[in-house]
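Please read through the structure below; I'll follow up with questions.
When the chains are written out, they are named A, B and C in that same order, and each has its own residue count from 1.
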Amino acid sequence: MMQFVADGILNASLIALGALGLSMTYNVLRFANFAQGEVLAIGAYFALGAVTVIGAGVGVMGPVKFGWPLLVSIPLAIVCTSIVVLMVDYLVFRPLRNSNASRITLIMAAFGLSLMGRNLIHLFAGGDPKYFSFYIPKAIEIMPGVKMVPDDLAIIGLCVFAVVSLHMFLTKTNMGRMMRAVSENPTLARINGIDLKMIIRMTWIIGTALAVTAGTLQGHIFQAKAEMGFDMLLPMFAALILGGVGNLYGTVLGALVIGLAESFAVYFDLSAYRAAVSFMIMLLVLLVRPQGLLGERE
Amino acid sequence: MTPVNNPNNKILDVQNLVAGYIPNLNILHGCSIHVCVGEIVTILGPNGAGKSTLVKAIAGLLSVVEGSIELQGKDITGMETHKLVREGLGYVPQTENVFAKLSVAENLELGAIHHRSSMAETREKLYDLFPDLARFRNLAAGKLSGGQRQMVAVGRALMASPSLLMLDEPSAGLSPKLTQVVFQQLLKIRDSGVTILMVEQNARAGLEISDRGYVLAEGVDRVNGEAQSLLHNPEVGELYMGGHGKSTMENVVTASATSENSTPGDSA
Amino acid sequence: MELLGVVSFLVFFLIQSSFFSLTSIGLNIQWGFTGLFNVGIAGFFAVGAYTSAIMTGPHYDDTLFGGYDLPVPVGWLGAIVVTAFVAAIIGYITLRLREDFLAISTFGIAVSIQLIANNMDQLTRGPEGLYSLPKPLEDLSASPLVDNILYLGVCIGVIGLVYWGFERILRSPWGRVLRAIREDEHAAMAMGKNVFAFRLQSFILGSATMGLAGALYANFIGFISPTDFLPIFTIQIFVMVIVGGSGNNLGAIVGSVVMWGVWSASDSLIAAVVSPDFQTQAAAARIVLIGLILVLMLLYRPQGLLPEKHIVSAAGRMKLKGED
């Protein structure tokens, strides 16, 4: 039983990272980015490429399987993916914003881009799942009856670190405050001298960074495949809505609930329906508390 | 201290402005105003005259079709909104003029993003001017009362040490008593060296603290002059009443003030 | 002989086009006329297909349901009812909330239905799918071509009926309210219209049409499995509606036939030109292309090839001008 809680927390950390990225774009750019899953997947493939080039397995650190190549590959992948994302924003979303396209048009464009992204991966990397390494790590007992791979513990730690960093960034730095200002009232933000275009670029980069981190870590513990992000989309949206759209702490809480719920779905032998479980939770929340657990009524 | 309308010392000069929200549907049809250093100038006019449109156009929120805007001798026509802060323009919109979810202190800090070095100093001055801001600094701005929010909004704009402060209906939604408080503070702000341009529905209260005023009608500046003379100008009354009667501004103002108390902002 | 081949191919092509056409009409009432964004078209289509398949299909040894051998029209009616029911649940929960929640929820239902199709063996037989489904009128002749011509007639009849019905109700006061809501929700609300109820009705109506299309598909192909209902189907329908011009039912039909033609032609082209080693890549490239078409349409021709005929309000006209 506790084993499922531990697995759920690992799962939740990855969902939280992705959902926080989704939340950033949702708050500042004001639309549900259906292509966030592909950002995650493309990032994982970039990281995979970097790890392959550097050489997998070198620099193993202590009990943890992933060595410095993986840690180096994350920032590299973030840079590469950000360039792709900013280009897409420039070519697709910027013109749509300028023509005052409806939110639905933006979602639809994202949905189309998501399909393109998945198939571009198929085109360039092939349809088979890819592995970062073939090393089977040894699990250690962290509590009586609960075994975890050191890598998983490190990943949970890394996710906690990312969430805390994001929190510090948004509350303590000038840039973070500017982002919160834009997400609340873009016009007033401009009046205050905030360059909206710059904030939009920063938002894409941060959203991308979170997604790429999630994708790379997920790729490391499981595998990288074209659909990896698309399959995460529903749990990420569920976490976002469950926590209350626009509330970062709510998103983390939502991710925790969804992660544990998915893990318990496995416990009750419903592993095939994991995604449906997060969907049911989401529908329930929309029915009884549409503003989410920590959200405020509009 | 009585600043004079000295045309050689214009801080803002708007010439023949044509602008609107939607292409081919202009609200302003050649509107010209100017503000001199040290003045308080009020823009009056019936609903739909284009008062708010004028300040929004100056603030770069609308695209200007024709005409020019100069701020401190520099052409700012068509300049992006976010660059105007650095040119010395402060702007307090009529509604949604504070970041409700952010604290008062954070609101003020956002006002000073381009003036980080002098931020602490400006903030202390501001806390002296509005002690309430200091008291509520850690509260979310959305939790404050209307008058206090207005103070936050003005304070936020002042954090960038503007040369010209533009306010769109600072008395909107405030009781007559609070309006007086806000207007007295505007006088203090002017005395600290900030020129003020405001749009006011509450004509009498606005003109009482102003040096000069403009009356807009149908997107054009129709009448302008010394604040006191506008109050007694029959032409102004006609513009407000749509061309009926010989009423002076004072009669109209009393009438509109009464109606405003019952339904604010609905005195069309 | 060759002519016969062309004719039978054409009939087959038109039958397939009619599934898309019917689905497009369903989407058009949601997206084109009411402004509702449904990302789960494949899911509603699948619900209809599986419902009719289970109701009309044979008995399978390994499923809990099936073997009812009901007449095909009853299966189609069942498909409409069940799809409408699923749409009613989703719509009831999300249509009161902000518009992206509907998008996310319809996406969720499509994913969940895909999971059920793949995993709930007692109902759907999983990836193996349901087979030997009856085709209406197939006993009338011994020739497959005549069968198909008859089925095409049925399809055209159903589409004609749905088209006629939708045109009628869209011209009725009900349809006017629908367009009013799309143009200006608050104005419609101020007129005392229950915006939520109208949206829900439109959403259910559109989804039920998609379900019917799925049923038509199941009983024609005779075999359905989860891979028939992938997200690409949703994108294809959107492209068809947008190409045809959202808010125009005739356009939806034209867009469906044209885009299905383009799709089939590219299929043959890839089969003929690309070497077998690169067929998978070519298939992926083609999907990238359809995504690209969608994005380009949104960017450069959001009103489609056949725009809506009448613009209802001055505000709407101004909006169109602003987009140019």
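Everything that follows uses one rule, which is that a contact is a pair of C-beta atoms (placed from the backbone, for glycine too) under 8 Å apart; a residue touches a chain by one contact, two chains touch by 3 or more.
Bear in mind that the values here come from a model prediction, so they are computed numbers and not experimental data.
S.K.: For which chain is the distance between its Cα centroid and the global protein Cα centroid smallest?
M.R.: Central chain: A.
S.K.: Please identify the chain with the largest separation between its CA centroid and the CA centroid of chain B.
M.R.: C
S.K.: Could you tell me the distance, in whole angstrom, between the mean C-alpha positions of chain A and chain C?
M.R.: Taking the average C-alpha coordinate of chain A and of chain C, the gap between them is 31 Å.
S.K.: Measuring from the mean C-alpha position of chain B to the mean C-alpha position of chain C, what distance in angstrom results?
M.R.: Taking the mean C-alpha position of each chain, the two centres sit 55 Å apart.
S.K.: Taking each chain's centre as the mean position of its Cα atoms, how many Å separate chain A from chain B?
M.R.: That pair's centroid distance is 44 Å.
S.K.: Check each residue of chain C and list the ones that touch at least two other chains.
M.R.: Counting only residues that touch two or more other chains, chain C contributes 322.
S.K.: Multi-chain contacts only, two chains or more: what residues does chain B have there?
M.R.: none
S.K.: Which part of chain A faces chain C closely enough to touch in the complex?
M.R.: 31-32, 34, 92, 95-96, 99-105, 107-109, 111-116, 119-120, 122-123, 126-127, 230, 233-234, 237-238, 241, 272-273, 275-276, 279, 282-283, 286-287, 290
S.K.: How about chain B: which of its residues touch chain A in the complex?
M.R.: So the residues of chain B in touch with chain A come to 59, 61, 80-86, 91, 93, 96-102, 106, 109-111, 113-114, 116, 156, 160.
S.K.: Would you tell me which residues of chain A are touching chain B in their complex?
M.R.: Where chain A meets chain B, its residues are 174, 177-178, 180-181, 184-185, 187-196.
S.K.: For chain C, which residues are in contact with chain A within the complex?
M.R.: It comes out as residues 35, 37, 39, 90, 93-94, 96-97, 99-101, 103-105, 107-109, 111-112, 115-116, 118-119, 231-232, 234-235, 238, 280-281, 284-285, 287-288, 290-292, 294-295, 298-299, 302, 322-323.
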